[in-house]
Amino acid sequence: MSFSYLNACLTVLLAWGAIGLAGMIRPKSVEFAGRTLFPLGALCGIALAVLAVMSIATPVERAVLPIGLPGLPFHVRRDALASVFLALLGGASAGISIFSTGYFRKGEGALPGLLCLEYHAFLGSMGLVLLADDAYAFMVAWETMALSSYFLVTTQHRIPEIRAAGFLYLLIAHVGAIAILLSFGVMQGGSWQFTFDAMRAAHLTPGWATVAFGLALFGFGAKAGLVPLHVWLPEAHPAAPSPVSALMSGVMLKTAVYGVLRVSFDLLSELQWWWGLVALGFGLVSAFYGVIFAAVQTDMKRLLAWSSIENIGIIFTGVGLTIVFHGVGMGALAALALIATLYHCLNHAFMKSVLFLGTGSVLHATGERNLGRLGGLIHRMPWVAWLTLVGVLAIAGLPPLNGFVSEWLLLQAFLFAGDVPHTFVNMLLPVGAAVIALCTALAGYVMVKFFGVIFLGQPREAALSQARDAGWMERIGLAWLALACVGLGLFPLQVIDTLDVVSRELLKLPPGRWGADWWLLAPAAARHASYGPLALFIVTLAVVVLAALGVRLVYRRRVRRGPAWDCGFVRIDARMQDTAEGFGQPIRHVFEPFFQMERELPTPFDAAPRYRVTVGDRLWTMLYLPLGVTVRWVADLVSRLQQGRISTYLLYSFVTLIALLALVL
Amino acid sequence: MEVLLLLGSPLLGALLLSAFGARRWAPELNVFVSAATFGAACALTARVIAFGPMLLGREQFLVDPFNVFLVTLTAFVGLTTSIFSRPYMRIEADHGRLSAGRLRLYHSMYQVFTTTMLVALTTNNLGTLWVAMEAATLSTVLLVTLYRTPASLEAGWKYFILCGVGIAQALFGTMLLYLAAERVVGAEGVTALLWTHLNAVKGQLEPTVLSLAFVFLLVGYGTKVGLAPLHNWLPDAHAEGPTPISAVLSGLLLNVAIYAVVRCKVLVEGSVRSALPSQMMMGFGLLSVVLAAFFLWRQRDIKRLFAYSSIEHMGIITFAFGMGGPVANFAALLHMTVHSLTKSAIFFAVGHAAQKAGSQLIENIRGLVTISPTIGWGLMLGSLAILGLPPFGVFASEFLILTTAMKQQPWATPLLLLALGVAFAAIFGKVQPMVFGETQVKRLPHPPALLPVFVHLALVLMLGLYVPPYLAGWYRDAARLIGGP
Amino acid sequence: MTTLGAVTQLLEIVCAMLAAPAFLGWVNQCRAWLQNRSAPSVLQPYYGLRKLFHKDVVLAENASPLFRLAPYVVFGTMVAAAAIIPSMGTGLPLSTAADGIALVGLLATARVFVSLAAMDVGTAFGTLGARREMMVGFLAEPALLMVLFVAAMISKTTSLPLIAEGLTTRALALYPSLAFTAVAFTMVLLAENARIPVDNPATHLELTMIHEAMLLEYSGRHLAMMEWAAALKLLNYACIGFALFIPWGTSTEAGGPESLLFAVPLLVVKLAIAGAGLALVETLSAKLRVFRAPEFLATAFLFAVLGLLVHLLLGD
Amino acid sequence: MAPLPLDLQLLNACAALLLLLAFSMLSQRRIVNLVNLLALQGALLCAATLLVAWRTGDGNLYVSAGLTLALKVVGLPLVLHRLIRRLNVYWDAEPVINTTGAMLIGLLVVVFSFGLAQPISALASTATRSTLGIAIAVILLSFLTMITRRKAMSQVVAFLSMENGLFFGAMSATYGMPMVVELGFALDVLVATLVIGVFFFQIREQFDSLDLHHLESLKEGE
């Protein structure tokens, strides 16, 4: 069989499957699964990433697999878009797998072998989602992905909350999948061929196209955690083991983004520009909603989950912009927005993985997920702390790290949205820019809270002094991902030139000019604006170093250690620091109407004063509870039919018979 | 020859078991007989693969693509069920729920039941078909009431009366068919009820009579299929009978009933040339799906739960046959196959689970994976399969049915999807806590026979990803046979 | 890059570093005058820095390396920021490497590091300060960004020098949008530089202090770096203001070296006026309660966005 | 039109009587009488079959007439009577619908079934086709009876009378089904009665009565 990147990628996916099955050989052995199979999985990940990166610029490849339905065998296809996401999958999963080798110590609840199987099935199915080229293969891969991740989420199934979380997750995933299936059904447009090629060929009326897009947005939005379909996310991510959370948040959510891009730019032949506004709207809402809720969380993984919702919001904003620009025929800007979107997907995959893995190490070291009982860990576990700091700075969107690049691109795209030939819209879009700006600033707030409360200050519990730093494997995994963050931050031009292939392929554009110099990012679309992180970084670094050296050289003064000053307070203890609640207080104060808060305030004369505040999600009580109630109500009505009296049953038959006979006559 | 073997071996087995059904080795004998039956079925299949469809025994028996795979399926599930019931019934006996006499009754009736179903499938004579269906009812009634508990008696009684009445309608329908037929084929008795002959002349049969006949037949056999609102016997019978019987009821009897309905539909549609029959079937199907989906929410007894899920799936199948056309029929046949495999697998797992917990109530069954991973995973995977999650075969058929529905009956699609969603929430929400979580139950003396569960699930998995060509061929031929728009 | 560019660049950096404390001193002096106190010398901040540099550093026991790193990072980012703001000349080679958005990013980096450092020791005041600082930041930063956006939309680029040039070269016109944003910018400036009405640099009153609360644990050279960085920040903001609203007189590539000779004294004048103005505002306004601060900044943000909309509505 | 030949008149008379019996079963509350009515029905059925057999000279029909005699006139009633005595259930409880109501509905049913039979009997080649409507009526009436009864026993009797109706229908429309089916049919009825017998004893030993309201525990709506 002649070499093709497609076959190679499929082989890697197959290898993942094989590794997973191999886990069942000795299901009980942590050694075997952890120390042997997971590293292999990581190698496959790296291989996949390399293959994908190499293949991006190569022409599209297709194949038909010998499995599937009689009429509809699995079609697979690799194009630039798929390659980009495959690279994301490979790169991120490599780091996570390495980390996992050290992480899964005593089998997290389930058997290690089983975990290994589910984990690699998860990876493999995600890969297949990206390669699938017909509705059936896509749905199979998609649901397998949901299923395997569900089992991973419920690894510690003895805890009721985790079971509930898993249930909610799978339910919403399934509903989303149904919507996606419907949208495929609409998209094939009368040909009744369910290959993607048939859908590309199909010509839909604008109305039906809109329906298809709406269904796809709903379905993929449910998976991506777009508000108001986000409710499963803050439940499922804390429930899962940290590497799994990292995979889900870092990679799985991106498959949903991939789906939306695939549908709106590839499968739907002609798209309406105003769809973009819808996506944009949902994106902005999600971004804002996610970040303010992240700011008031007290559980570190829940916080990260909400922050994922925020980032997904930003990504969908980018998608929306792309659709708008593309729809009104502003090619260069569309490319800019698309690149920003893809770039943010990459960034988020890596930085969020770093953060989740960091929390994983903390969890292992302390057994605590509640921010209120952590603190001062930078002394106990410096490796994790510093590597996590990279992720924190990156996701807070600070130069010269990667988070800032995509933010910069997105804002540039927004800045020139004023030229859209719809006055109302170009009034609207800059407001969107304002929201994005607000969100990134809030993200900074959230991340300071996250890092500060976990790693800085004094330990809030005595037990924390026993915390030990992560093992080598975990460090390597973290370092890999952190390095990726730095690299993506410092060399944007190189990355973007690769991503540009996608914009050429999807938007049918000529290759764009993205840089003035090898170190200088200067998109042609953003007039005269340029950004050279490397130079900026070097200068800043130089100043820092010079300053430090200068100070040291000139003044040779001692550094004494002493008790903290704190305005002369004598007895300082850990309880005086801000708790997570305390740190979130300003946000609660400013954005009060969005939260559903229950406060428990002490009276002045309390012997043992106690303060407690819980923040709930209004959407849950407004949307989901009523839905459940309705279904139950209907169920009760229906169950009245069956009263247990045989005469009644006979009557049913009798009436049915008579009715049908009357019908026939 | 094979047919003789096929029908003979279970009959003989029934006789033997009615004599020795209480011996220690009776279960093994039961398994052996079923194995023999399965062997005969395989031989028959092989022959059909070799020589194609055939008529046997002075045209009294017919083996064509439509029933050959059902025969194999029936024999196969019969075999696996007998394997499963070996330890299961032992345990039941140990628990003192069954006396020796009852065991004898159980084993003999089990084989009688198999025989009747095989007859119903292979016969070419609609009259015989009816007789066999009635016989199947009678034999299973006694099995449903095997425990003699008040509940089981009630269930049995309802089963008997409702299905008896239903069957009576079917007989009248058959009679009308005969009436219409003898005017065409001539009154020389036998041939006028032979399906092949009727199928040959269906164009000339009198439409009005046939449409009336179809109503009676649909209501009659439909009762046995468990179509809402004629389904009321089904959950009771499934819940109160011994689990192996629930398995075969769900897995086989319903299939056979559907088979009967479809055979008749072919004739009627051939003559009536109006959409009425298919519309009736679609209506019944849709109603059953939706009602069942909502019934699922209220269930507290696990076997009832899956009984309702059977109703739901029968609804889906009926709907698909109602739609007709190559794709829908293909999907419906595939769905019959995967449903009976999956559902019986689920009942196997459920049976052991209930035995472990000593109760059929959902809230008493907890943490199966911790006490016995195989049962737990069997139940979990089975439920996920039956809920139509890929890569299991049920998804394949539902995918085809849904897409066809979008094409032919767009109005019905939202209803179907709604029902599927509701059913998913209901079933999964109940299964998850049973499979996962903590438990204090301890192990049982006889090791459960869970090979059948995983064999079935493996088959279903395979059908989801790869349908063997000759099977697909049969489906296609049968689909063509059944026809439709 | 041209030699002139290099010269301007270096000159800017050096001047900024050196002049920053003086500007701070000048503001304080004016304030003292306005409050008819006997004013400290303009050079007072230099004395302060010198004194601090001569002192030992007393580190809290549980201060982590981050705590010691932060001052240099903050200082570094401030200098880098100074390097890309066209205060004297617009021909800055470095400013290609970082446009307005990057500038905001730099300032944000500084803020994050200050706050983290403040949380590091884990005292009541430290965390309190950090929280309040971030609270101010999350509204001030987008406001500043919006201000930049308006200017950027007027001159179709986010690069500061080009904005400045754009404004200087084109005929003097009244931009109502700029009026809005100018107000917004002033408010942001006050907030970001810990001036009244949001914060008061001259007090250590627990209930009100923000910036000082974060520096409580610092001493010796670390404190010096922090103070210096703060002074730089003030200067930077002032210069950003000039670049965005009154860029006239800054030297351009076209103008040649001699324009630089003209630009420097002009900048001094601008700074003098701005400083006096700042002092005046501070004297006239009263310190807000901390919880009024968000409202204050929200207003700023609102003004900025309004400016944006006005620009889009009226065009330029 | 010419007056019908005597045998057909007789046949129609039988049919009319059958209908009458069905009605009286609908109203009858004493179980013993119900069984007697059933036996009478069987007898009429037998007579009708004989008439048709004589008219057509069809051997099969004589056989099936014999079967009817053996099963429905002698066999079943005996079994049922014994059961009644053994389980002493002589009276049914108050029916679900009171008698007059049932009668009215029954009347409607008859009209309906005649309407139903119209197109069919137009096709039937048999001389007896006009009685087909009556057959359907009998079936539906016994269905109605089943619905209205509260005792297992009476329900079963109604069930059997329904099968009589079916049989009569088959006979009048097509001079009876093929022999195979006839035999199978007879066999089934036999087995059914045995099953029923078993049932009664089981139900009896569980609930010591044959009242159906004992059998209403399995249900959904609480």
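The letters A, B, C and D name the chains in turn, as written, and every chain counts its residues from 1.
The rule is short, and it goes like this: contacts are C-beta pairs under 8 Å (C-beta built on N, C-alpha and C of every residue); 3 or more make two chains touch, one makes a residue touch a chain.
Since the structure is predicted, the reported quantities are computational estimates derived from the model, not experimental observations.
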| item | value |
| --- | --- |
| Shortest walk length in steps over touching chains, subunit C through to subunit D | 2 |
| From subunit B, the most remote chain by mean C-alpha position | C |
| For subunit B paired with subunit D, centre-to-centre distance based on mean C-alpha positions, whole Å | 31 |
| Centre-to-centre distance between subunit B and subunit A (centres being mean Cα positions), rounded to whole Å | 44 |
| Centre distance in Å when subunit A and subunit D are each reduced to the mean of their C-alpha atoms | 70 |
| Where subunit A and subunit C are represented by their mean Cα positions, the distance between them in whole Å | 36 |
| Where subunit D touches two or more other chains, by residue | 116, 119, 143, 146, 155, 215-218, 220 |
| Sequence positions of subunit C contacting 2 or more other chains | none |
| Two or more partner chains touched - positions in subunit A | 636, 639, 641-642, 646, 650, 657, 661 |
| Touching chain combinations (by label order) | A-B, A-C, A-D, B-D |
| Subunit B residues within the subunit A interface of the complex | 157-158, 161-162, 165-166, 169, 211-212, 214-216, 218-219, 223, 229-230, 232-233, 235, 276, 280, 291, 294-298, 327, 367, 369-370, 384, 387, 389-391, 395-396, 399-400, 402-403, 406-407, 413, 417, 420-422, 424-426, 428-429, 432-433, 436-438, 464-467, 469, 472, 475-476 |
| Contact set on subunit A toward subunit D in their complex | 636, 639-647, 650-651, 654, 657-658, 661-662, 665 |
| Contact footprint of subunit B on subunit A as seen in their complex | 66-71, 136, 139-140, 142-144, 146-147, 154, 157-158, 160, 163, 166-167, 170-171, 174-175, 178, 181-182, 185-186, 192, 194, 631-632, 634-639, 641-642, 646, 649-650, 652-653, 656-657, 660-661, 663-664 |
| Interface residues, subunit C side, partner subunit A - complex | 53-62, 64, 66, 72-73, 75-77, 79-80, 83, 94, 96-99, 101-102, 105-106, 108-109, 111-112, 115-116, 119-128, 130-132, 134-135, 137-139, 141-142, 145-146, 149, 152-153, 156-159, 162, 204, 206, 216-217, 219-221, 225, 291, 294, 298, 301, 304-305, 308-309, 312-313 |
| Of subunit A, residues touching subunit C in the complex | 375-376, 378-379, 389, 393, 396-399, 404, 407-408, 411-412, 415-416, 418, 426-427, 430-431, 433-434, 437-438, 440-442, 444-445, 447-449, 451-453, 456-458, 516, 520, 522, 526-533, 535-536, 539-541, 543-544, 547-548, 551, 554-555, 557-567, 569, 572, 574, 576-578, 582-583, 585-586, 589-590 |
